[in-house]
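Here you go, one structure.
Chain lettering (A, B and C) follows the sequence in which the chains are written, and residue indices restart at 1 in each chain.
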Amino acid sequence: MAPPASSAAEPIVQFTRVSKHFGDFRAVNDISFDIRKGEFFSLLGPSGCGKTTTLRLLAGFEQPDTDGGTVKIAGEVVNTRRPYERQIGMVFQNYAIFPHLSVERNVAFGLEQHKVPAAEIPGRVTQALEMVRLDPGQYAKRMPNQLSGGQRQRVALARALVLRPAILLLDEPLGAIDLKLRKEMQLELKALNKNLGLTFVYVTHDQEEALTMSDRIAVMDHGIIAQLGSPAEIYENPRTAYVARFIGESNFLGGTATRQGGAWQVASPNGAFIIPDAPGLAEGATVQIAVRPEWMDIFPVDHCPSGENAVPGTVREVIYLGETMHVIVTLGDGTDCTVAVRNEGQLIKPLPWKKGDRAAVSWLPEDCQVLEQA
Amino acid sequence: MSTKLPRWLIAFSALVYLFLHLPIVVLVIFSFNDSKYAVSWTGFTWAWYQRLLEREDILRGLEASLIVGAASTLVSAVFGTLIALALARHRFRGRTALEAFLYVPLVTPEIVVGISLLILFVLLKVPLGLATITIAHIAFSISFVVVVVLARLQGMDRNLEEAAMTLGADEITTFWKITVPQLWPGIISGALLAFTMSFDDYVITSFVSGTGSSTLPIVVYTMVRRNIEPSINAISTIILVATAVLIYLADRLGREKGA
Amino acid sequence: MNLRQRILGFYHTRKDATAWTLLAPGVLWLVVFFLAPILIMLGYSVMPRGLFTPVKAGFTLEHYQRFFDPLYLQILWRTFAWSLGATVICLLMGYPLAYLIARSWKWRNLLMFLVVLPFWTSFLVRTFAMIFLMRDTGLINATLISLGLITEPIPLLYTPFAVMVGLVYGFLPFMVLPIYASLEKLDLSLLEAAEVLGARPWARFVRVTFPLSLPGVVAGALLVFIPALGSFLTSDLLGGAKQVMIGNLIQNQFSAARNWPFGSAASFIVMALVLVAVVWYLRIRDTAPGGAEAK
């Protein structure tokens, strides 16, 4: 049952209108997407958004509903195929290292199941352990309870990689280890993905992690894919308020669109501002835009650079964050707007803003994102 | 919290412990007493233990108890483990009702179990003997095994089985190579529990045993009713030590972590 | 496809079938050798007594009516009262003990083991230990006589007192276990919060600790009350002929008295009382504060 050689253009994974219910709960609702061969693909979203179910559908632990669409791996429909018939590898959130087997027996487990000749096994185990930078001489004979969290993580990775699966599934594998080690592992995983040419499908709720590692990210929300794109597309062009809010911080402003000369203008309770053209804009339509705090600036009222949108308000709070300063400005209608200002040293060059000051927040029209109405 | 416990509480608890343990300790001590009338300590002796070896009814009772215990333990451990697996690993219709049904034997008075089985056996004209005792012991042990093994299964990581499947093991291989090794302490602990209960049961056995098929508790009961001699202390001591060891082992294995 | 793959394929597409295959042997056993006998027993309890057979065809409620006879009412009442009495005494003895164990950090496991140990040793042997202490020539009377406190042995055995001691001795661990479990789980920061709010030790116990341990108390009370209701050995060996509980009545109907339908009716009454108690407990547990322990 060798998979047909898939050309580079052909996606290695295809979800076509896949749905999955648990009782009355729609865990995954009619989703379609492709995963390209060799890419680092992330499923990102809060708990309960359907990302884990999507991964488990791909692994074969769950089957789509009857008439619930098709899951294809390397061009073949695998809906009812068992996990052990799919040529996938998986790293679990809690690592799932077999507690009754030593490190080398854990890594050898898959090789034994695939009837790899006994003589070949030790060499491949050693090679896999070295690949995840775990010294075989020191660790091969250890039992799992003699390993740290990070080491277990590496064993789980070696155990999956030793079979050279076409696709490696990772279910929040870095959730349980500390921040410093996590950063290190993120880079290592990314490197493994590039060096081995394997397709990685990575589930996480950590937006920063997804942005750091992924080639493409699917942001999930209540069983659907809210947006799919490269990290830059997701961050810089969030399509919905949900995506804008979940990834990074955003300020939201809304009003009614009107055509003013060659551009669209939005009339809002806080004043008028210009927005870039976007599909679906119409005279009198309700519009919501998102602006990242770091793309906003703050000036005394009436001193804004020309060509920038400016909305007046009152400084509510100045927050010291180290690298940046956040100035929170309450606008006319009571909404808060966060402006991120680079910290140039509060001891030498303090920020001239304090609570109660009148100020205007400003931004370039092209720096805002016109959101799709949910 | 470093609150000191009140003195009266410590004293009271000590008395309760005394109440729980003193009778047994006294019983054991007097099994070595060199006096037929056990009122006062007259000297150390093994005589009562030697006397046990001469009593054929005790030896036969012991043999019967071991046979019944081994057979009923084996069957109830297997059946109970399978039920626990189904409950822990599968969603199926009627699950809640079944779970409730499985708990009923745990609360049913022994005397009710005993007489209802007696009625069944007499109705079906099954001759009473070791076989009927074994059948009865299996019936009351299964639920205990289910509870113990289920507890173990619920503490067990399902991802282990899933991991094995992503590594190429099918369901059967996964069961033998991953599930069973993980579950083993739970199964053994459930089995030891079943054996202890079988070895100790008097009430149910008394209804479903025929003449000539007396287990050890039946023999001991007769001794207690009929006669007051220190051999009862001796056989009691042996039973105490045996059950204590079994329960200690069951407890140890039940707690043992998967690794 | 080989056989193994075929079997796996079959079960893969039928999830219920896998479960029922695993359940079948054990559940079948329980249906045949537990459920069916109890249903037959229920049937016997409403059939007339036969001359040469245990029962004969027909329907009657006479066996249940017999319980309104003062003699049997008294046995029922005695069973209920003694079980309740044993439950109350177990609570009075068990709660302080459970509290002490839950608050003695280092020794917890050992102390708990010492409670559980006698509970797992043979019930028959423990009942004999009571006889050994309480009979006329037993250790208590012998000691009192040798101390010169009494000249004649006090009759201890074959009295209601002996049965009560036996019940408490037999079932006390059942009370301690669940109370300990609920006290052990108790979040100590709640007590600290109460202390910060000005509650004295006694107030902390009455207002915080005790209410939160109630699920354990109820569970413990039931775990003592239920087996006490159906107990047989204790009253049989310690109570003598006059101190009969319903368990002894049942046993007697199936041996000396040879009245199986009446014995069946008595069994069913015990069984019904037990089930009522369990259902009542389950309802309480689900509504009690902190009753979330049952997940």
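Heads up, the rule we're going with is that a contact is a pair of C-beta atoms (placed from the backbone, for glycine too) under 8 Å apart; a residue touches a chain by one contact, two chains touch by 3 or more.
Fair warning: this is a prediction, and the values are worked out from it, not measured in the lab.
Asks: Considering A-B alongside B-C, which chain pair is linked by more C-beta pairs in contact?
Replies: B-C
Asks: Select the chain at the greatest separation from chain C, using centres from the mean of Cα atoms.
Replies: So the chain farthest away from chain C turns out to be A.
Asks: Round to the nearest whole Å and give the separation of the Cα centres of chain A and chain B.
Replies: Chain centroid spacing, chain A to chain B, equals 54 Å.
Asks: On a C-alpha centroid basis, what's the spacing between chain B and chain C, in Å?
Replies: The computed centroid separation for chain B versus chain C comes out at 16 Å.
Asks: Could you say which residues in chain A touch two or more other chains, in rising order?
Replies: 82
Asks: If a residue has to touch 2 or more other chains to count, which residues of chain C qualify?
Replies: In chain C, residues 8 touch at least two other chains, as defined above.
Asks: Which residue numbers or ranges of chain B touch two or more of the other chains?
Replies: 170 - these are the residues of chain B that touch more than one other chain.
Asks: What does chain C use to touch chain B in their complex?
Replies: 4, 8, 11, 15-16, 18-20, 22-23, 25-27, 29-30, 33-38, 40-41, 44, 54, 93-94, 96-97, 99-101, 103-104, 114-115, 117-118, 120-133, 135, 137, 139, 142, 146, 169, 172-173, 188, 191-192, 201, 226-227, 229-233, 237, 247, 250-251, 254, 260, 263-264, 267, 270-271, 274-275, 278
Asks: Inside the complex, what are the residues of chain B that reach chain A?
Replies: 157, 159-160, 162-170, 173, 177-178, 181-182, 257-259
Asks: Touching residues of chain B toward chain C in the complex: what are they?
Replies: 1, 3, 5, 9-10, 12-13, 16-17, 19-21, 23-24, 26-27, 30, 37-40, 78-80, 82-83, 85-86, 90-93, 98, 101-102, 104-105, 107-113, 115-120, 122-123, 135-136, 138-140, 142-143, 146, 170-172, 196, 200, 202-203, 207, 217, 220-221, 224-225, 228, 232-233, 236, 239-240, 243-244, 247
Asks: Give the list of chain A residues in touch with chain B in this complex.
Replies: Residues 59-61, 82-84, 88-90, 92-94, 96, 98-100, 109-110, 113-114, 143-145, 156, 159-160, 163, 169.
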